[in-house]
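Both complexes below contain subunit A, partnered by subunit B and then by subunit C.
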Partner chain A sequence: MGKLQKLAMSDEGFIFDPETGSSFTVNQTGLFILKLLKEGKSQEEVVEALTEEFDVSREEAARDLIDFLEQLRLNGLLREEKSV
Partner chain B sequence: MKKPYEKPVIFKLKTGFMNKFGGGSYFLKKVRSEIEGISVDELVKEFGSPLFVFSERKLRQKFRELKNAFTLRYPNVEFSWSYKTNYLDAICAILHDEGETAEVVSEFEYEKARRLGVPGNKIIYNGPYKPLDSLRVAVREGARINVDHFEEIADLEQVADELGAKPRIGIRLNMDTGIQPQWSRFGFNLESGQAIDAVKRIAAGGKLELVGLHCHIGTFILEPRAYEQEVKKMVEFAYRIEEEFGFKIEYLDIGGGFPSKNRLRGIYLPPDVAVPSVDEFAEGVCNALLSSLRPGDYPKLILESGRAIVDEAGYLITTVHAAKRMPNGRKAYVVDAGVNILFTAFWYHFNVELDREVNGPAEPCILYGPLCMNIDVVDDMVQLPPLPRGTRLILSPVGAYNVTQWMQFIRYRPNVVLIGENGEVELIREAEDLSDIVRRERLPERLELKWKD
Partner chain C sequence: MYKVAVSGINAVDNPGPGVGIAKSLKEGDKELRVFGLAYDAMEPGIYMDWLIDRSFIMPYPSEGEELFLNRLLYIKEKYGLDAVIPALDAELPLFIKGAQYLKNLGIKTFLPTQEQFNLRAKDKLPEVAERIGVKVPRTVVVTSYEELSKAVSELGFPVMIKGIFYKAYKVQNMAQATAYFNSIVSEWGYPIIVQEVVSGEEMNVVGVGDGEGGHFGLVGIKKLWITSLGKIWTGVTVKNEKLLEAVEGFVSVYSWRGAFEFECIATDSDVYLIEINPRFPAWVYFSTGVGVNLPYRLLQAALGVEPERSWDYEAGKLYVRYTDDLVTDMGRFQKIVTSGEV
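And then the complex of A and B:
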């Protein structure tokens, strides 16, 4: 089971990592992405979903997803070996 | 209907730490869509980015505040515009129009003031390096010269001989006013007796008339009492040399160094708290003056304020070119204005405003300039929401020292515009192009490239 699957998420954007005891807060867009990633969606699917849900271009969404994944990695929420 | 978009962010929650950047999101998202009523967007459309913008209204207002603060408290004050803080013609012309004389520290600044139409007798000539030729011109044209060292006394005596005149000069003093660092490299030290030696030397030469004392205790001084000390010591010294040598001191030039409402690096208090008002400085200076002077004696008080007047009248518009995520998780942006045109970034954390509302929580960010140089950091700690490419940032105050200390390095220097009191937008310095830079270069013919396109 991947790291993301273990995270506890509230609908308000509160994230708890039971492995480390760290907690996080995400905004609406971040939560939207996290839920999709937890469901095992690919990057392309996430970008697609973002453009359908929000008023954002494909380019901006793709660029921001790269940055968001980087933030997750830096916060230890993505396993290095596991690519999403 | 799609939901409005906000860039995705995640923050780790930390407990048990004080948030030293407290104050909440109220301060973190500052929006400025216009400067003096002119939209930032239109300014950039017409003049490009980055762009320096000066406000004539603010410039005049800051000067009048300073003028009122001192002239209400002392009957004989002269204000002299410190050219080195900003010697753009348009800026100087506004301040000369307000009645300021010119304070220059090189032959270049002297020539620039003369070219603008400032008469020699409205110029104060300071500085540690005054070439002999420039002293000749300054003496002939009746400028106020404040002597920095013994060699300059000799130079002036030579000029006096050549011109058959007795130049009326001042000397620059340095002294302990209770603050650090003590500026001791300019002028003659008071406490060590060097200053009185200089007076003796001038008296012994018999070719110069000592009529003024000058001092400049430092820069960005946050302590009004330092000026009180300065003034008291200058008055005491003036009376001493009058008694011992018969020189009547006609002016006391207390220099400048008054701060602007900028946030110095290393000072956590916001400038509205840390920076005393101009009235507090005026109160200190004028009280010290009136309580040390003899009744009925009102030598001219000269102030050489620069930064305190022009800094807050200047803005820099810059544009977000790219976003980066540092390996430590810190967010960073590449903007199109760097330290090559923003020298004071080394001293201050500017006020950073956005040209539009940007949704999303603010996080600590780094602003990198466009130079391919590691030192090009405009700010290493500014709270910003996630900014889309093309967002414009308005940095202020940037009116002092930047458009004089900027350099042509890697990129061209941008346009500078002035917004007049009636909302007119005028270009006061054109952006550079390649011709400005190569104009003075000479390529020896033997080195010309033979490559074919």
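And then the complex of A and C:
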């Protein structure tokens, strides 16, 4: 099972990593992305979903997603070797 | 009704495990009487009569085996005593050595063997780690100032300066290294352990080995908040497969018997072994709180009753320690001071 699949996420945006005991909070957009990634959606599909859900251009959504993924990586929530 | 003695009832800022053990025993499915073994009339457990039914002042283990065992024999003869769960490092060699004698008297224990106990020495850890397939931070054992200088120049700052059994300090420069080296030597003697600092999550596992390679449950935690003495104040349960597998490996390779605490640092790819304590940690009630009552299971094993082995606890359970106070009569203090029991 991948790291993301193991994360516990509450609707309020509280994320708990049961492997490391670390917890994080994300805003509603972050939670929206994390839920899609947890479902196994590709980066493309997440960008698509972001443009549908929020008033945002494809470019802006793609850029923000890359930033967010980098944050996840820095916090050990995405394994380095795996690309999403 | 079983009568069980527990030591380490010093629920102070550097708490012993006794009160957590007593609390767990009281939550078992059989009613029992808990006796507290104390070394000082001020140990708070003596006054917590809802957990500890009767308390006794014990002679220090350093005063000799005979005196200590005779005190237990006195308790057995006067009040009845079925088992003892020692919880302090300094008592363990005496209990391990005296286990057969106590058993003959009808006082059961469930302890590691002397060989298993010896594994706790920090200079033995590289050997243990290798056998169970985990890492240890690079470590140099030193016995002089020259060796200390050489070790820190090899490892590079920051390093940990540790006593062989107690005390550990993270130091950033030679002045700090020398100060802590001297302080540990003056208190505990040589050798001193100089160790690389590994960055990762500090995690601990508490468990009870069955002595045949299996166990009666494991619970893994991460300390979230610690006191200035490094003691856990809040923590969270974790399920780190690599870590739990390593601990199961440890229990199996050494056929560990009795309680233990496995301290380590987990990184994304590795588990680094830091310390093994051959007893329950002071936070042992955390395991009971998440449904794995390890002290009660250990007691059952000591009494020859097969304990439950399920340990499917939930990750993300929070442990919160807090301070509390009570008011009681001077009489209780007076009694324990004058008669050694209350």
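As a working rule, the second predicted complex is superposed on the first by the 84 of 84 C-alpha atoms of A that agree within 3 Å, B and C clash if a C-alpha of one lies under 4 Å from a C-alpha of the other, contacts with A are read in each partner's own complex, and residues count from 1 in each chain.
Following the convention adopted for this analysis, a residue touches a chain if its C-beta (ideal position, glycine included) is under 8 Å from a C-beta of that chain, and two chains touch if they have at least 3 such contacts.
Here the structure is a predicted model, which means the values were calculated and not measured.
Taken together in the superposed arrangement on subunit A, subunit B and subunit C fit without clashing. When subunit A is checked against subunit B and against subunit C, the one touching more of its residues turns out to be B. Within the superposed three-chain model, A:56 lies in touch with subunit B and out of touch with subunit C [touch as defined at top].
Applying the stated contact rule after C-alpha superposition, one finds that A:33 touches subunit B and leaves subunit C untouched. For the three-chain arrangement built by superposition, the Cα-centre angle with subunit A at its corner and subunit B and subunit C at its ends equals 90°, in steps of 10. When the shared chain is aligned, subunit B and subunit C each come close enough to touch A:22. Contact with neither subunit B nor subunit C is seen for A:42 once the two complexes are overlaid on the shared chain.
With both structures placed on the common chain, the touch criterion links A:64 to subunit B but leaves subunit C unconnected. Once the two complexes are laid over each other on the shared chain, residue contacts for A:79 go to subunit C alone; subunit B is not touched. When the two complexes are overlaid on their common chain A, residue A:8 makes contact with subunit C while staying clear of subunit B.
Shortest separation of subunit B and subunit C in the overlay equals 6 Å (C-alpha atoms, whole Å). Residue overlap on subunit A between the subunit B contacts of one complex and the subunit C contacts of the other covers 22-23. The part of subunit A that touches subunit C in the complex is made up of residues 8, 16, 18-23, 76, 79-80.
Within the complex formed with subunit A, the residues of subunit C that make contact are 201, 203, 221-222, 224, 235-241, 266, 268, 315-316.
Every residue of subunit A that touches subunit B in the complex is listed here, in rising order: 15, 22-30, 32-34, 50, 52-56, 60, 63-65, 67-68, 70-72, 74-75, 77. Of all the residues in subunit B, the ones that touch subunit A in their complex are 2-13, 323, 325, 327-329, 360-361, 386, 388.
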